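Since the structure comes first, as structure tokens, the remarks are kept for the end.
The chains carry the letters A, B, C and D, assigned in the order they are written, with residues numbered from 1 in each.
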Amino acid sequence: MFRLLLRRLLALVPLLFLVSVLTFSFTAMLPSDPVDLILGDTGTTEQHDMLRERMGLNDPVVVRYARWLGNAVQGDLGTSFFNSVDVTRAVMQRMPVTLSLTAVAALIAIATGIAAGVAAALYPRSWIDRLATIGATFGQAVPNFWFGLILVAIFAVNLHWFPATGFTPISQSPWDWLRSVTLPAVALGLSSSAAIARQVRSAMVGVLQMDYIRAARAQGLSARRVILRHALTNAMVPVIAVLSFQITVLLGGALIVEQVFAINGLGTLAITAVRQQDIPMIQGLVLVMVGMVVLVQLATDILYGLLNPKARPS
Amino acid sequence: MKKTIAGSVLLALAMGLAAGGAMAEPTGQFRFADQVRLVTMDPQRHSGGGIPYLRPVYESLFELDDEGLPVPMLATGYTVEGDTVTLTLREGVTFSNGEPFNAAAVVANINRGVEIGVLEGLLSVASAEAIDDTTVRITMREADPSIIMALAGTAGMMIAPAAMDDPALDRNPVGTGPFVYNAEESREGEVRVYTPNPTYWEPEEQDLARFEVWEIPDDTARLNALRTGQIDAGIWLSNPQAAMIDRSPDLQLIRNSGGLNYHVIISDRAGSVVPAFADRRVRQAMAYAINREAFNQAILFGLGEATWQAYPTGPWSNPDLSERYPYDPERARELLAEAGYADGFTFDMPSIPIYQSRLEALAGFFADVGITMNIVPVEPGTLARRSRTTDFPATNLVWNTVGDPKYLGLRYLNADGAYNPFQGAPSEDMAALVAQGLQSVDTAERSPAYRQMAAQIADEAFLIFVANTPILFGVSNATAENPTVHYRYGQDTIDMRGLAPNQ
Amino acid sequence: MTQATPLRPRKLRRPGASGLITGTAILILLVLAVLALAADWITPYDPLRQNLMHALQGPSANHWLGTDDLGRDVLSRLIYGCRIAVIAAAEATAIAILLGVPLGLFIGYRGGWWDWITMRVVEAVVSIPGIMVAIVIIALLGAGLHRAMIALGILFSTSFLRLARGVVLAEREEVYVRSARVIGASDSRILVRHIFPNIAPPLIVQVTLTVGAVLLSEAGLSFIGLGVQPPHASWGTMLNTAANYMDLNWFLAVPPGVAIIVTVLSVNLLGDVIRDNVGRGIATAPSAAARRRKVRPAEPVTVLPAPTEDEVLRIEGLTAAIVPEGGTETPIITDLSLSTKRGETLGLVGESGSGKTLTGLSVLGLLGAGVQVTQGAIKLNGTDLLTLKPRELEQVRGNQVAMVFQDPTTSLNPAFTVGSQIAEVLRTKQGLTKAEAWEKVVELIHRVGIPRPEERARAYPHELSGGMAQRIAIARALSCNPSLLIADEPTTALDVTVQQEILDLFRDLQDEYGMAILFVTHDLAVAADICDRISVLYAGQMVEMAPVAELFADPRHPYTRGLLSAMPHAASGEPPLPTIRGSVPRPGAWPVGCRFGNRCDFHTAACDHPVPLEGQNGRLIRCVHAERFKLEAAS
Amino acid sequence: MTEAPLLQLDDLWVSYYSRSMLGFAAKPFHAVKGASLTIEAGQTLGLVGESGSGKSSIANTVLGLVPPSQGKMVFDGQDLGALKTRYPAEIRRQIQAVFQDPYSSLNAAMTVEDIITEPLRVHTKMSKAERHARAVELMKMVSLNEDHLNRHPHQFSGGQRQRIAIAAALALQPKLVVLDEPVSALDVSTQNQIINLLYERRDALGMAYLLIAHDLALVHHISDRIAVMYLGHIVEEGPADRVYYQPAHPYTRALLDAVPQLDPAEQARRRAARKAAPAPDLQRVAATGCPYRNRCPLAMPRCEASMPPAYQVEGGGTAQCFLVEEQTRKGAA
């Protein structure tokens, strides 16, 4: 297991490297001139040239990239072009917000998705199955931000059960944190829950037709045991891949849902950065997001190895 | 040409007594929401909205009273003599970093502001020098009737000299105000936390343990925050959310003095990007195309009023201009046809979310007469800055009707005006009027020139005024009942001094 | 050798609900297309035409869906929104396909460095949340519908690329591609003519998925102001407006929201239907026999001897059928009667489609989806299993009857060690403790002839050879000492030398444990080795039953004889080898009379009527010419 | 026979290299270890072995799907093993194949006519009409109804599909057809139909077959010669009757003995014999010497020391077993 982990970690290096190259070259193509952004309209030509020199913008792209990467490896993602905000700090400040939103959404999605998927697979063609299937199909068609609006209208504005907007850090008050994160997480998690439910159901249906399930039943193991132990363990193998993907989707979805709930997470930061063409901020954000995604993938890979003996190195 | 404010110290003291009363340890908190994101906390690089983020930390040399007249703050008096302005400074004031507030500090501030050149208020200033420790002489480039008014705003905000060397001054403000910025507890892009300044020069005015300014650009989110008690007060434009506040029994909509005059600026006056703009008939057609009454009803929710000039009321207002451009799409089309644009033309207009519906309405009016206006979103907080560039042939802004009319000339009309980015030269008539308006500091003497200028502006139609709205604060009932909440005259901020938490 | 294909119930169509849903989905999409095309003519108002004096009105006769913040007609804007939705979906999907598919095909077939580099780049892009990729691309290109759609197109091209590559990689290994290469077709020809047509079905599914995703993404981007720019109406911008007016007129959020949901739902449903029909994607759940039919009692059985004390299994008049929901039954086993006793091995022999495997499964009550016993009785140690409740049947399985399947590598759960799978049975069925169970596991594994049993118990199924895995499966089946063991082609998937070992193991274990074995096989030679008695099945019927020696010495049914003579070892010398003409008829296509009739050389008019199974002394035959063959054999 | 054989494999090795994650070449896996075979024109060589014996690797190598790692492969006078590129078209059309699984070997997206005439399209400039005529002819040749030409493969039974595959393989009238387990996926009653068909066509058209199967008895029916593979080695080779009736290698004998007989009495006798014999070690693969020695009831010490070379067997052919040598020596003595 340790070797697998090490190998996976090693494999991440080229991926992160590639992402950094992609991000850097992409942002380098942005049409705005950072010096203009920083100095606004007020700077003189001399000031422009000085700043350009100081920022090393006259260096070749490769040199700039190497410098940026060197700093990034040390945790320094540079300073925003738009104000003197430290990118690492800004991103790290927002990360817990988006992370807790995504994590709660993922928990909701996984719990409801697996429960619905298993229930549907247990009683195919029953009302449970139909309800779950219809729900899942619907869930995948509902835009998360629209669902968020509706949730706010019902549960915050009318019923006052939850705050309509904003985010309370968990360190401040776990209860308020839960209240503030519930509606956005539900809005965010819906489509992933649906996707997971569908995948679980289809994986379960597939697995339930396997020989070893028949064999286990022929052995007189109870239907419950066969489904929950034998079928689910194997059905989770393809589901894991979907989970990993869905967490990336959730992270992306959080960007939009944050707007609905006026939550200042990475999404708000990202959209602002993009609008302002704040290159260091965009680069830092992308890198950090990919880092998060990659860690999730690593975790799911390990989970995959645990569930699927064939994937383990012998 | 000499004017001294007498008894101003007394007045200030009286205000302090009335508000604060007994000296007690500050308690409680007050949470305010701004509608624009914080761009910079450096007052001298600041333009446009976001002043509420600065006010807790920075105090200006002067303050405006409830009639809009300057009263002492960090400066206790002034004299204006020709091209020199002499300021007398308050003693015993220190910056929160411990530096003394003195003439050297004021000189450093004013000279830095002149050098940076962002602030319109200082455009007329040549330099400042210290006469003695409490006296500063400002040398003017040209006569400026509104220099004291300007020093009551961002131009007069005093930064601790040592802090000026900080490259991150935009995030580390150091002033003399009743509060200091608490960077640790603030969350970038979400909330700014201010805690009492331990070295404040008038500790009896500090009745609040914590002041927060929340960045909530989304109107609905801000309304929800107000409803759920997440904030005590916030700024609103006339929009559906403001109307909701007005209708809600739990909330109050405060209409502050002064107002915001919404207008369209034709920046590309020579028609270098959009040739049609060079034709006065085209611009007048645009003015005719707008149904201001409907605009006020539907877009401003009846909270504003139609206007055709920069000052709807008061000494600078020209009464002949009411209904200068009645809603007349037929006439607009005729004018366009005369100008050779019967088939219309197309131009880009920058937009921020709060102006979205206004611009959509305008686009609809213009579309009616054949003009296509593309709405291009820019980041909130950057509209003013982008409006000063040649990025857009036209823009739209609000004009604070508290300002001195000289700004019309300096900002909008002169070839070097900040909001004349294409540097179109004013017509001879206009240039003459601009000059004439600056000749005096006496309102009665100046007003005929500005009334005439208003008519000239309306005629040339580079500036198309649409509607005027009061500055709106949405507050909770508790805030409305709080006697210490004092809205600054004609501004979108609350006075920090003496502010106590809601009961 | 027959790969005993597990009976796949034919796609059970539910014309009711699903047809209706599909129809509705297609109808909705057609309507959308028409609205998009005809928006200019059918909208009641100009979508940009504002009427500020009538802003934010609810639905009325003039404005069916009310008006928005500028008094524009919501219905008209919604209809124009269709157009944008259609353009958006078409544009982004087309870009995604044109970018992704050719590149995916190319790298998939070419492989090597091209593939490696492209896939690493794709992985990198995919690891960035999609919306982030989109907004960064938009930052580069600028906001607006077409630019946003280019961004989405680039983004979604990765899924097409991976799909195309995946299909190529999978198809490349398919035998038909090998055939094409053997024929000498060039790479490009193989790619275009042979592989590409097979991409079409998953591609269509992917297109529907992408269209749905594009619609949602477009709405999301427009919602945050990076997509379609106001005042133009897209559903996303309409929702953006609605978000601001939720308090004053919440209804504004309804029409665009519903429009998006209904459209995406229709597209997704259509995708599901296509996927189900092309059958490559997600397996559809077969209809569970939720409502068990009442089993009709068996007709009086004359062919079986009276029950004896050591009789273990007695099947009487068993009839099983495919029972589709609301459809007509298709019988697959008819009127099958047999019995077996302790220590006896009864062979069930027949070709695919004969019903031999189903007979075994019906004893266990594991016929599976859509197949049910409709008549008869299955008595195990005197109890009719067909009358038991599911719980009771669970108790019987494992304890009294167990089964060994054809493919040992798939009949063991890949997720658990083999030892734990045996231990599980011991613990749940016999209530042993963990330690006791493990001790017994090791003993059992040793008993089935596996050296180093402790070590092997901790192995996963994929770590064992086929023969070894089958031994484990046998150990598990025998763990609770059942009185009946059903072995379904247990040696078919094994090499011939291993087959021999396993057959010997069966014999040894039977000698030791004394259980009855119901041995299902298609190979008469295997049956000759292991069985005491053999029952030959053909097309769901027993056609002949005899003690093993008699059957091989004196086969009487023409089918048995045909089979025997067709065995490779039977014939010697050069072809032509003896054959049986034609092929086994499928269930539902059985002749009314003798089911072998149309392949039989002895067919007479008498064969066109149902033929009974007759005989005595354990020798049964279903043939009108039985007497004649008997005489032949005697002479 | 003075004429050169149609196909000659000489010390052919086929190896697979799996690549580890970081690109280091892992240890190669040798599927075929020095196989030598010959097929005369118009004759059938049956290649028999258990799964994993390397027989399919030989098929794939002959078909040009997998390059040999070593050794000579001469077809019709041309050394194909030396070719670094794909086979030239004139060779390509001479070697055709029929694969095991009739369900996956036909492209589901094509019609029967497309499948049968695909080789003609690739290798000839026949017009559409000519191709159709040829397709009709081929359908007749494999006893299928010509009306079925525009059907898709899934509409046919396994036996019929295999006929279609044969028709496609015969379309170009190749000199060699590789039959890779052509009947093992079929029901017993259809197997013989296909075997008969293959036999008839060979006699009529005169091509050679490389018939790969795991069933010696079946192979024996139509082969002129039989080769037996065990773990990559051709352990025995010779005339079909000799190998089938007088196997020289213990493995061949074991293979033959393991096949269940239709005679229960004979089965019982064999069973008794097996019981008497010592149980073979289940550790199948011997690292050195003869790969079969761990299972071989007649293994000698020298079997462990070195791999036996191919000895000539009386009655024709060779066997890689020291016993053959000893018997020959005894016979000579």
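As a working rule, a contact is a pair of C-beta atoms (placed from the backbone, for glycine too) under 8 Å apart; a residue touches a chain by one contact, two chains touch by 3 or more.
Keep in mind that this is a model prediction, so the values were computed, not measured.
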item: Each chain counted as touching subunit A and subunit B at once; value: C
item: Innermost chain by mean C-alpha position; value: A
item: Farthest chain (mean CA position) relative to subunit B; value: D
item: Whole-Å gap separating subunit A and subunit C, where each centre is the average of the chain's CA atoms; value: 33
item: Approximate Å spacing (C-alpha centroids) for the pair subunit B, subunit C; value: 70
item: Gap in Å, rounded to a whole number, between the CA centres of subunit D and subunit A; value: 53
item: For subunit D, residues contacting two or more additional chains; value: none
item: In subunit C, residues with contacts to at least two other chains; value: 243, 246-247
item: Residues of subunit B touching at least two other chains; value: 220, 377
item: Touching residues (chain side subunit B, partner subunit C) in the complex; value: 219-220, 223, 239-241, 243-244, 291, 294-295, 297-299, 351, 353, 356-357, 359-361, 363-365, 367-368, 374-377
item: Touching residues on subunit C, where the partner in the complex is subunit A; value: 120-121, 123-132, 135-140, 212, 216, 219-220, 223-224, 226, 239, 242-243, 246-247, 250, 253, 257, 260-265, 268-269, 272, 282-288, 290, 325, 361, 364, 366, 368-369, 390-391, 394-399, 402-403, 405-407, 410-416, 421, 424-425, 428-429, 460, 462-463, 473, 476-477, 480, 486
item: Of subunit B, residues touching subunit A in the complex; value: 37, 39-40, 45, 116-118, 167-171, 187-190, 215-216, 218, 220-222, 224-225, 227-228, 230, 377-379, 382, 385, 388-389
item: For the subunit A and subunit C complex, residues of the former touching the latter; value: 14-15, 18-19, 22-23, 26-27, 29-31, 120-121, 123-126, 129, 137-138, 140-146, 149-150, 152-153, 157, 198, 201-202, 205-206, 209-212, 214-223, 225, 229-230, 233-234, 237, 248-249, 251-253, 255-256, 259-260, 270-271, 274-275, 277, 282, 285-286, 289-290, 293-294, 297, 307-310, 314
item: Touching residues on subunit C, where the partner in the complex is subunit B; value: 48-50, 52-53, 55-56, 69-72, 143, 225, 229-231, 241, 243-248
